[in-house]
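Next come the structures, one after another.
The same subunit A turns up in both complexes below, where it pairs with subunit B and then with subunit C.
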Partner chain A sequence: MNEEPMSTEWHLDAELAGRYAQGGVSTVLASSVEQHLIRCAACRALLTPTVPAARLDAVWAEVLETVETPRATLLERLLRGVRVDEGTARLVAATPSLRGAWILGVVVVLTLAVLTAHADGNGIALFLALAPVLPMAGVAFAFGPAADPTHEIAAAAPYSSLHLLAVRTVVVVASTLVPIGLAAPFLPGNAWLSVAWLLPALALTVTMLALATRVAPHLAAIGLSALWLAVVIPGLAHSRNALLASELPVQLASLAALTVSAGALLVQRHDLPELFRRTA
Partner chain B sequence: MTLTATERPMEEHVTDGDLLSAVADGSTAALESLYRRHASWLTVRLSRRCADPAIVDEVLQDTFVAVWKSAGRYTGQGEPAAWIWGIAIRRLVDAFRRTPPAAYPLYDHVTDLNLIESAEDRVLLGVEHGDLAGALGRLSPELRAVVQATVLDGLTTREAGRLLGVPAGTVKTRMMRARAALRKELAR
Partner chain C sequence: MNTTIDARGLVKAYGRHRALDGLDLTSTTGVTGLLGPNGAGKTTLLRVLATVLAADSGDLRILGKDPHDPEGRLHIRRSLGYLPQDAGFHRGFTAFEAVDYVAVLKEHTGARARHDEVRRVLDRVGLSDVANKKVRALSGGMRRRLGLAQALLGTPSLLVLDEPTAGLDPEQRMRFRDLVSEAGHGKTVVLSTHQTEDVAAVCSHVVVVKNGRALFAGTPTELAAVATGRVWVDTDRDPRAYAGWRLGAGTYHHIGDPPAGAQLVDPTIEDAYLLLLGPQVDLEGREVA
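Now for the complex of A and B:
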């Protein structure tokens, strides 16, 4: 063994490497071996045969799995906790509209609307104008271009596009309806006003989805929002009919739009993969 | 992050520093190359400080997951091997904090005194001349363990305390006694 003290040419040989690996050298020699290993790749390589390859492969497999699996979000873990299957849980959890910022935004908008409604007679009209737009915006956001780090998962998941669409839409609409539903009873005025937004909300959402087989979801959502606001805002501005959104014609028109769009969506369901190709 | 699952591990001539910056850019292939180069000696060195192979494997895994996450923080200064070891020894300290081992079979007996000491060890110990190897070898096992954990493994007194299963204050006093003993030995 070539062991001249202080020599910079000092290296391990296979015998010393083996002895070190088996714990057969003193602490002091081990220390110098370890100091040398930090600086010498050739001597580090001498230790490769001393650890079983199968052991290292097993650890590597664990490392790879950990670094390639996106960390499960709180929502995903909650869903898994109530026995939602893994694929659906990931699908739901990865929906952008379900991130805290969106929900928080909805809550802030609604709180402001309710407060305004109490401060000012027109406030309730503002609430009725805004509430129907929110679920649609959430769904559009769920499929929009900003959306999807999970499109690979979506493509690989054993779900049809229709299943994906249904799961996401239902979850997003539900997650938006809950805060709106909670805010509505705090509105001044009669009980009808606190549910008048529901039908237009569903109509806008389904119409947006029907249009999304032709144009990008966020464009459909912007167009429909503009149209909806163009119908209800004039009433707000002139306060001649501030509660237009709750009036029968608007409700009937909403019902008609809902029916037509749902039918169209059903007919066009084979075009739905288009929707995902465009947004993914 | 780009998909790298199908890429093959990197070539021989690529340096560890290159691999670390590729890892920082999200290459799992670079991470695998790094793992293939360093896993063996890390396993051996960790095994000298922890008798339980299951804990060693867990620490090795944690180490490379940490390398994956923090490769961007490697500054390019110093040996990548030293940087990775710095992560590994701290992961071992963490593992001991989670599940304290029954005994600390650390830094065991001394029979062989062929120390090829480095200049920086001498600077860290505050000793300049003489037979450092011999002097270290004559320290009591408790004092030598503290020197190893702090000077050679680069741990803080608190971390060394966790690794050795003694309070940080004890590490400090033992280190003072070790330095004094070494100076006295080397002054003879």
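Now for the complex of A and C:
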């Protein structure tokens, strides 16, 4: 910066320099002092020894905190808006299956499924086959080395991996259910179909978590997806109402799977972090 | 002197393969280097020490605690900094965000204090200038330093570093060794390497590992002394040597049982390491036919 030659303008004396350094001058006077200091090397030299190092460090730290700290993401701000603490919001925001690409993928798949359902009488099969699988897939890819590059570091950290998994599961399931729930009313036919996927979705997700204590989560998700599709696709291929005909058995089986899997997780709750660690 | 790590007869098997086969290790303040070829069991041992893996059997105390006990494990994790072999970060994060994320996992509460700590460790590894650069835009050496930065969070009393200098060029390796030496001051650092130069540069204690067992434990000087009287030079290659290579001056450096009248030379850590690994390895530590 080019400094203007000193002329008839005023300069700081030792008393004013001391008061300014201690923060003891009015805002207006402080502003004048600062304008002058920018241009006057002599006054800056006078001021330097009077500024307490601790105050300078505190001011500098405040500047860094304001300038350098990255802005919270939209998801983090949303979570903090519903009283999730700042640290947890940061951990959730790093969940791989909450990234834009995943959400976009879910929306595209569901849009195609709804359009197919309108175009073809049996097209609703696609929606009902996919809707329960998506939340499970999202949770399966929310943890483990295949999805989380910091998995190994997290495994050695004191933060409860069970807490992290639980929070991520809730947020991933919720974020996936929202687009599915929004798409469901646009399905043709029986209104019941709009919610028939919900119980199977929860059952598949919880069963995947229960199986993840024995096998890798993505393998559990692939296996359960194959099983689910094997059950629902053939039925729908035979007639338009095939799923409706088997609705009660499917719902009851989902309820049973949900109950058994949740029970298994509950029984093993103290060992879950280590069990997940072995398979993930 | 307080013992930070006391391991006796550690066994860890993957199916029929015993990655750790009754390994003993004692470590105190300073830098301990685990030296061994690929597949020797170094990474498995470090993962056990970092409480990521549980040993199948054996006695282990880390910082006086039993890692099998949930309370003990938590205590260890709160005092631990761990750099895995393949330390990854979300590539969309900035360097600051990546370390901040780990700081949350390490229970650094209070955003302001946590951010100050993140800035401290980034400064420590010389990454302050790229704090707001995306991880994917950082060079390999910078990403390795970022890995060390997260390990230094909270000034841990035990640092476990898996191959910290792997993939770094000579200048980066030298800088990294400086960082590790500084970090090891008054703390316990356990690092794995297959570079004998790393051991000579930073380690106060060295353990040679092969097939899941500790073949040697002592100071680098003591390790070099293992090969005393078993290293010689000659103008021709001696086929009876365990290992031998041509030197720039046109002579051949040999390790093994010297012939009568051989011109013995002072052994290096590398000589002793190759001697300990036995006759069927090359200079990279690979088994040869």
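Convention: the second predicted complex is superposed on the first by the 176 of 280 C-alpha atoms of A that agree within 3 Å, B and C clash if a C-alpha of one lies under 4 Å from a C-alpha of the other, contacts with A are read in each partner's own complex, and residues count from 1 in each chain.
One rule holds in what follows: contacts are C-beta pairs under 8 Å (C-beta built on N, C-alpha and C of every residue); 3 or more make two chains touch, one makes a residue touch a chain.
On a predicted model such as this, the values are computed, not experimentally measured, just so you know.
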So, does A:Thr69 touch the first partner subunit B, the second partner subunit C, both, or neither?
second
Tell me the contact category for A:Ala30 with respect to subunit B and subunit C: first, second, both or neither.
first
In the superposed model, does subunit B or subunit C contact more residues of subunit A?
B
Touching A:Val59 in the superposition: subunit B (first), subunit C (second), both, neither?
first
Residue overlap on subunit A between the subunit B contact set and the subunit C contact set?
64, 68
With touch defined as at the start, can you tell me which subunit A residues reach subunit C in the complex?
61, 64-65, 68-70, 86-88, 90-91, 94, 96, 99, 149-159, 164, 270, 274, 277
Quick one: which bits of subunit B touch subunit A in the complex? Just the residue numbers, please.
5, 16, 28, 31-32, 35, 37-41, 43-45, 47-48, 53, 57, 60-61, 64-65, 68, 79, 81-82, 85, 107-118, 121, 133, 136-137, 144, 148, 152
Of all residues in subunit C, those that touch subunit A in their complex:
50-52, 54, 70, 74, 77-78, 80, 82, 84, 86-94, 96-98, 100-102, 104-107, 109, 111-112, 114-116, 119, 131-132, 150, 160
Subunit A residues within the subunit B interface of the complex
3, 5-7, 10, 20-21, 23, 25-32, 34-39, 41, 44-45, 47-48, 50-51, 55-56, 58-60, 62-64, 66-68
